[in-house]
Amino acid sequence: MSQAHTPGRSLGGRFAEATDPILERINRSVDVDQRMWSQDLAGSMAHVQMLGSVGLLSEDDVSAISRGLTAIRSEFEAGTFAFEEADEDIHMAVERRLTELVGQPARRLHTGRSRNDQVMTDLMLWMREEGEAMREVLVGLIEAFLTQAQAGHDTPMPSFTHLQPAQVSSVAQWALSHAAELVGHLRRWDDFLARLDQCPLGSGASVGSYLPLDRQHTAKALGFARPSLNAMASTGGRTEVMDALGVLAMIGSSISRLGEELVIFASPLFGFIRLPDRLTTGSSLLPQKRNPDGAELLRGEGKMAAQDFAGLVSATSGLLSGYAKDLQCDKTLLFRAWDRTTDLLTLAGLHVEALAFDEAKLRAACKPSLASLWLADQLVLSGLPFRRAHHWVGLAARAGSERGLELAEAFAAVIAEHDDAPEAGERLAKELTGLTPDDLLAGLATEGSAGPESTRAQVVAVREMIGGA
Amino acid sequence: MSQAHTPGRSLGGRFAEATDPILERINRSVDVDQRMWSQDLAGSMAHVQMLGSVGLLSEDDVSAISRGLTAIRSEFEAGTFAFEEADEDIHMAVERRLTELVGQPARRLHTGRSRNDQVMTDLMLWMREEGEAMREVLVGLIEAFLTQAQAGHDTPMPSFTHLQPAQVSSVAQWALSHAAELVGHLRRWDDFLARLDQCPLGSGASVGSYLPLDRQHTAKALGFARPSLNAMASTGGRTEVMDALGVLAMIGSSISRLGEELVIFASPLFGFIRLPDRLTTGSSLLPQKRNPDGAELLRGEGKMAAQDFAGLVSATSGLLSGYAKDLQCDKTLLFRAWDRTTDLLTLAGLHVEALAFDEAKLRAACKPSLASLWLADQLVLSGLPFRRAHHWVGLAARAGSERGLELAEAFAAVIAEHDDAPEAGERLAKELTGLTPDDLLAGLATEGSAGPESTRAQVVAVREMIGGA
Amino acid sequence: MSQAHTPGRSLGGRFAEATDPILERINRSVDVDQRMWSQDLAGSMAHVQMLGSVGLLSEDDVSAISRGLTAIRSEFEAGTFAFEEADEDIHMAVERRLTELVGQPARRLHTGRSRNDQVMTDLMLWMREEGEAMREVLVGLIEAFLTQAQAGHDTPMPSFTHLQPAQVSSVAQWALSHAAELVGHLRRWDDFLARLDQCPLGSGASVGSYLPLDRQHTAKALGFARPSLNAMASTGGRTEVMDALGVLAMIGSSISRLGEELVIFASPLFGFIRLPDRLTTGSSLLPQKRNPDGAELLRGEGKMAAQDFAGLVSATSGLLSGYAKDLQCDKTLLFRAWDRTTDLLTLAGLHVEALAFDEAKLRAACKPSLASLWLADQLVLSGLPFRRAHHWVGLAARAGSERGLELAEAFAAVIAEHDDAPEAGERLAKELTGLTPDDLLAGLATEGSAGPESTRAQVVAVREMIGGA
Amino acid sequence: MSQAHTPGRSLGGRFAEATDPILERINRSVDVDQRMWSQDLAGSMAHVQMLGSVGLLSEDDVSAISRGLTAIRSEFEAGTFAFEEADEDIHMAVERRLTELVGQPARRLHTGRSRNDQVMTDLMLWMREEGEAMREVLVGLIEAFLTQAQAGHDTPMPSFTHLQPAQVSSVAQWALSHAAELVGHLRRWDDFLARLDQCPLGSGASVGSYLPLDRQHTAKALGFARPSLNAMASTGGRTEVMDALGVLAMIGSSISRLGEELVIFASPLFGFIRLPDRLTTGSSLLPQKRNPDGAELLRGEGKMAAQDFAGLVSATSGLLSGYAKDLQCDKTLLFRAWDRTTDLLTLAGLHVEALAFDEAKLRAACKPSLASLWLADQLVLSGLPFRRAHHWVGLAARAGSERGLELAEAFAAVIAEHDDAPEAGERLAKELTGLTPDDLLAGLATEGSAGPESTRAQVVAVREMIGGA
């Protein structure tokens, strides 16, 4: 009679009454953390092998537990693992099932281990493994941009700053601007993954164990470079999760900008791109509508991970060292940001692959005034200081706007009206007249510019950075 | 008469009226960005040398401008540089002053450059340079923790999880838990600094230049590994600043936790530490108060950088590619988070250096019940499965609490009352009686644990990680 | 054959291909918005009655549709309503089912209505109805505090500022401080609910309808004071949801503070309260632990709604007027914050009802130094300026700390050592000696103070504010 | 010699050494809180009068202090008040100066008062007074929209949802959509101001006073409805500040949307509006640029207050009841959000007043397809169920897009090609041909719609709501 269990108390000689059902419900995390089942099993397997290696478990027990864990893995893989109401989290669920499968030896599984070090080990393994999948989705989107770039080295398109047309750019430069920003995130992600190299297992609740655990053994077995430095730091904080959320927030921000761009470019008043029917949705009221809902989701949802990051920082700030339950929100925040990011990257890829540029509209939007900097630079090459060149072209722009003239005419007029006009002015006014968007594009000579030679080189560089052939 | 300036318009042939004074005031950023004066001068110097090297500026012009820039540097260093009302930002202020100093050649300075690439170059240089200073302050705090650790390898102290006493730990383990978390941030910071390796200069407004600029030249001269990949990405985004803010937010979160810990430990009901008078403040009403205001500032202000990060993501999300004025908030957010972090790290260092532990209070807080895990582990070593060991000790804890007994007595009672009690029970109940906090501390055997051997090794490891002797 | 449906396109003569399955999945909101089924049915019922009243629907159609809507309501109430894969949202699900049930008339339901005005009507109805339930949970928590207050008018307890003991307060004052803050939130909530008085229905997509809809009719029928002012504002924004989230965030902040308080008070080093077993949980490793997980969830989760608020502001800022898909995140954010708040208020109530104060520990924590302000105030009553009184007591506090004396002795010593000491000093030093915490508590004379008379009056006042008997 | 001051210690008998200069600097708040000087003086004046009225101060002392406070007020008004290095905050600065001016009586000013209740009183007074100014700026912006509305009742303009043209709307409807949202914020603001009705003064540090203070007296004198309910709640929380920040965040979100709208409408590809030169700025590189920097600042900076709100919630969550230094960030956050909001509302007003719509462009953007809903509604009036009407018009839209036809032609074609086409189809196809944007606008019949009659009524309604003539 001695060890009678308090109902609903898996951890329990200590307690005289069952957990309040409301607290039990709010406290339960198994719906969230069960997705780490594979890592939890891997961690337990490594732990048990280590316990055997240092003599804390007999060979028989190691073998029984290992057999049980393997069976549980098969159940998960087959989708037959059955959670029970009383399973508080994935760790307790696995241990409960192990007990059903192998009996007494299962009660030795948790020797020298706390859920505090167990869950952080699971989580780091999960991030490392799933981090590779995230990497691939990210690379997939970059490649979609490269494909657009390669088709668009010679397709002129206005660049905008402040949403005002600035210069003649190209579809390739636009696509590569996104690719370049994403390559930056890829590098952040790789740095983040590389930092997941310390194994928390063996930290116990926060100060280690009285048993002769071999932390090097489990760290190696699980593919970490080393055991974590300090047992308290590696169980009582969530900086590794913040790290992930920080990069996801930055990725989200880039996705959000892409969304805005697609929404604006797809608006008939711009008309730069057409999205296929399968990426637009209708209106329940307005029969003619083809709405870029997907692009708007990129824009809106892309902003969310930053709040998840801020939420985790807020939740874990102001806590004492050592584990506190407040930390449990980490997985809710991480997984929702992670899944959202995967979805958004995938959805973004669909859009980038599918978008068709309307070259006629792009060319039509390359108004003559986009030659303004070219004109100023030619004046510079003729010897004028840039500030004066800028001023003369500015006067022309103003005259053009006030008198309804295009740049060439307006510049010619301004030149003609001033005694002190630059000598090269007349010649350049003439050159301007025949200048096409293609000429302006070809005139861009610098590395990283929209010039076709540059964008071709950028494609090669990006491909190298993402590890492509 | 032709080039008459519109009042308050430095960029002006285009405009027929002056900027609205309210917009001018809100738009002006010189109060914020002037702290990048040194980087702005360095960037201009490199730019001008490059312009000379490719023949866009004459040797005389290069030499005049260089002389002017050097003179301006001296003015800043001497504190004599005078800003004027019309200086919109640091870039225009420097160019205005250069014109006053060297005349016409100054009007050639901005050849082939936009403020868009200029400001990002300044900012990346600033982060790289000041990033080293931040690194030092961070290392300083880590060292303060190491000093505390070295003094406290053998000073017992309860560890807490959920603010409930857990096991006997040590002052060293506590100090090292902070050091270890900060070392993680140091690694993040170094990774961040290493990613600041692409020079934006030469990107122009967003699509490059028609002039034959040599971007490799400026990149090298300014200490970057290469020119930025894509002109639009490197002028129209602020991911580099987000990167900094992300790490600062994580550092802030660790500082905030330290603050809470100091506040709690300094409360007389804990009484673990005493802060010196110089780090406490009084009350205007209650004469007896010695308040840990500094620690509370660590806790409260440490939470703020996460909002600065979220603010920058929010402000820059949902924008079209290419520069937009919305990006200008980046420096306000960055500098305030940066200065705050420097202050907080410094203030934290002051506290950690000054805090005196009350060993008597720490020992008194190491109640006998903190031997619970030791007891369970001994039962394990005697052959009991851990879950049964856990249960027996739990029963003892409950009995202790219900009958007002300390662990040893309570365990002895529980053992005596059950026929199926573990054989080793009686022996262990006796061993428990004489067990001191020092014994428990010494019994911690694992890497990363609070055991004195482990904490000594941790100090060595941390010292290595921060590059110390 | 003419109206062949594109697969998966409910809205669709316009479309030549089906929606991409990935977009369809991400775009679908029925999992989130189905909880508004009751409001959606109520809104449709009112809409249909109005369409009948202005002659846009025949009596037969009105009656058929009404019958169908009533049947659907029964299905939802019975839990038998079956969603289908293709149901994009609750609105389409209801219309689809209505068509199954009543056939052709169902195709007239959406006359003069857009999902844009429909969803905002549903949501405002939902917030109004569920807002009453939230109000009740909030009042329930306030009442739990009142119960604690009534039991604790005469139970001394230290007040803290900066976590340093400040004065003798009472359990009642502590409970009432929470009640008072929550009463402030209740007022905010009531103000918020009162502002939900404009009915969006009839706004259409954003500029109204060509049909002679009677918006007064539907507004009245649904219990709104009036139709919304401007069709675009009432469909294209989410300020009503922000409004809710703002108050929830503030409630959360108060709950978080309560959580911290419970965690600290329950720590053995304070020992002010004991939580029952049913509100604590065990450790998987440490057998003796009774952790206040519930209180920690209050503290941690209470911080989250502020991020939900910031997320909604971020997601909806920077959008053009008129509906955009970005707004769809509103319900995800609202419902999760709403449910979390309900849970936390309920859980907080459980804790407040259950918490047992340890009067002996509370009294023991009321150290003599808590009489410091009393002493200073007595000196003031004897004629001393407060600043001098403050200074004398401060000297005593310092002497006490340096020489290990309690306040009375220390003050007597300081008085004896100074020629210019206040005359009343000697008398007061004696009075101090016998002063109990109860005396100090009783000495608090001001409205809102911890004095028993004041706290009794506060209970009456709070009860009045929450509308109790 | 007895009361020798510790250097830099205004609160001092307690302390043996001066505050650390770094802590002193970080702790000092006078730069931030000095803007409450007027409220601080008003609060002190009311406090002193009350102290006199209950006999705690002599008539002479009251009169001396009052005289001093009046003199200090004059110094502030004249700009001659001189802060000193040692002034920690506005409260200590005023008391220090008062001591200089009136000597001993000044040392009685702080009788029965703590900075905790003093600062909250100052802050609530400040918000109440400055809240009226904020109200006026907000009303000013609403009035600017009303002016635009009145000029634009009959100016057609496309409405957008998802940035896709939806229906013919009007400039008035657009302006009123902003006005309506802002009127909602005005109501929130008024509710917030009304809640600032409880006077904290007399709460002391957190549990009241031993002196017979008359809190009703000061509450009345300062224009509050009553003293605050609970001394601890009214000094240890910042919900009143959160309340303000919540509304400011919502206002910011609306401003941000206006900014986006102006940026898009001012882009030449839309060309709906022209901003005057004084509200645009130039580019340092591109001579032709006229950038809407002001509008972009509205968009970007409008997002910031939400983070300030979240920051305050984060900073004050997880704290024990009773004042903690963490709360000090409240004023930094409040004032920066407040000033920013004032600036943005003013800047928004400048833009709204100045913006000139290009009617030709607006009309040109009202493409024939915007009649789609009108067409569907006419089919409904001819007896067709709406869903069928929607489908037929959808088919026409698709045909139009595929065959390059405008709506009328496309609809005629679709009608002709189907045997089961609606009878009214042919007639409506003809009616469509001559339909102008003005006809469509005039056809909007519902309250709140863009129809001219509706927008005229909306103007009247808004004017009434803002309390205009």
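Going in written order, the chains are labelled A, B, C and D, and every chain counts its residues from 1.
The rule we apply is simple: contacts are C-beta pairs under 8 Å (C-beta built on N, C-alpha and C of every residue); 3 or more make two chains touch, one makes a residue touch a chain.
Predicted model, so just to flag it, every value in this text is computed and none were measured.
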### Fewest hops from chain B to chain D - one hop per pair of touching chains
1
## Note on the structure
Contact tally winner between B-C and A-C is A-C
### Task
Averaging only over C-alpha atoms, locate the centres of chain C and chain D and give their separation in whole Å.
22
### Task
Can you check how far apart chain A and chain C are, centre to centre, with Cα atoms defining each centre and the answer in Å?
32
### Message
Where in chain B do residues touch at least two different other chains?
### Response
11-16, 110, 116, 160-163, 166-167, 204-205, 263-264, 282-291, 293, 296, 299, 303, 306-307, 310, 313-314, 316-319, 324-325, 373, 390-394, 396-397
### Message
Can you tell me which positions in chain A touch chain D when the two form their complex?
### Response
160-167, 263-264, 266-270, 282-293, 296, 310, 313-314, 317-319, 365, 367, 369, 372-373, 375-376, 389-394, 396-397, 407
### Touching residues (chain side chain D, partner chain B) in the complex
9-20, 22-23, 26-27, 91-92, 110, 113-116, 204-205, 263, 276-291, 293-294, 296-297, 299-301, 303-304, 306-308, 310-311, 314-316, 324-329, 343, 346-347, 350
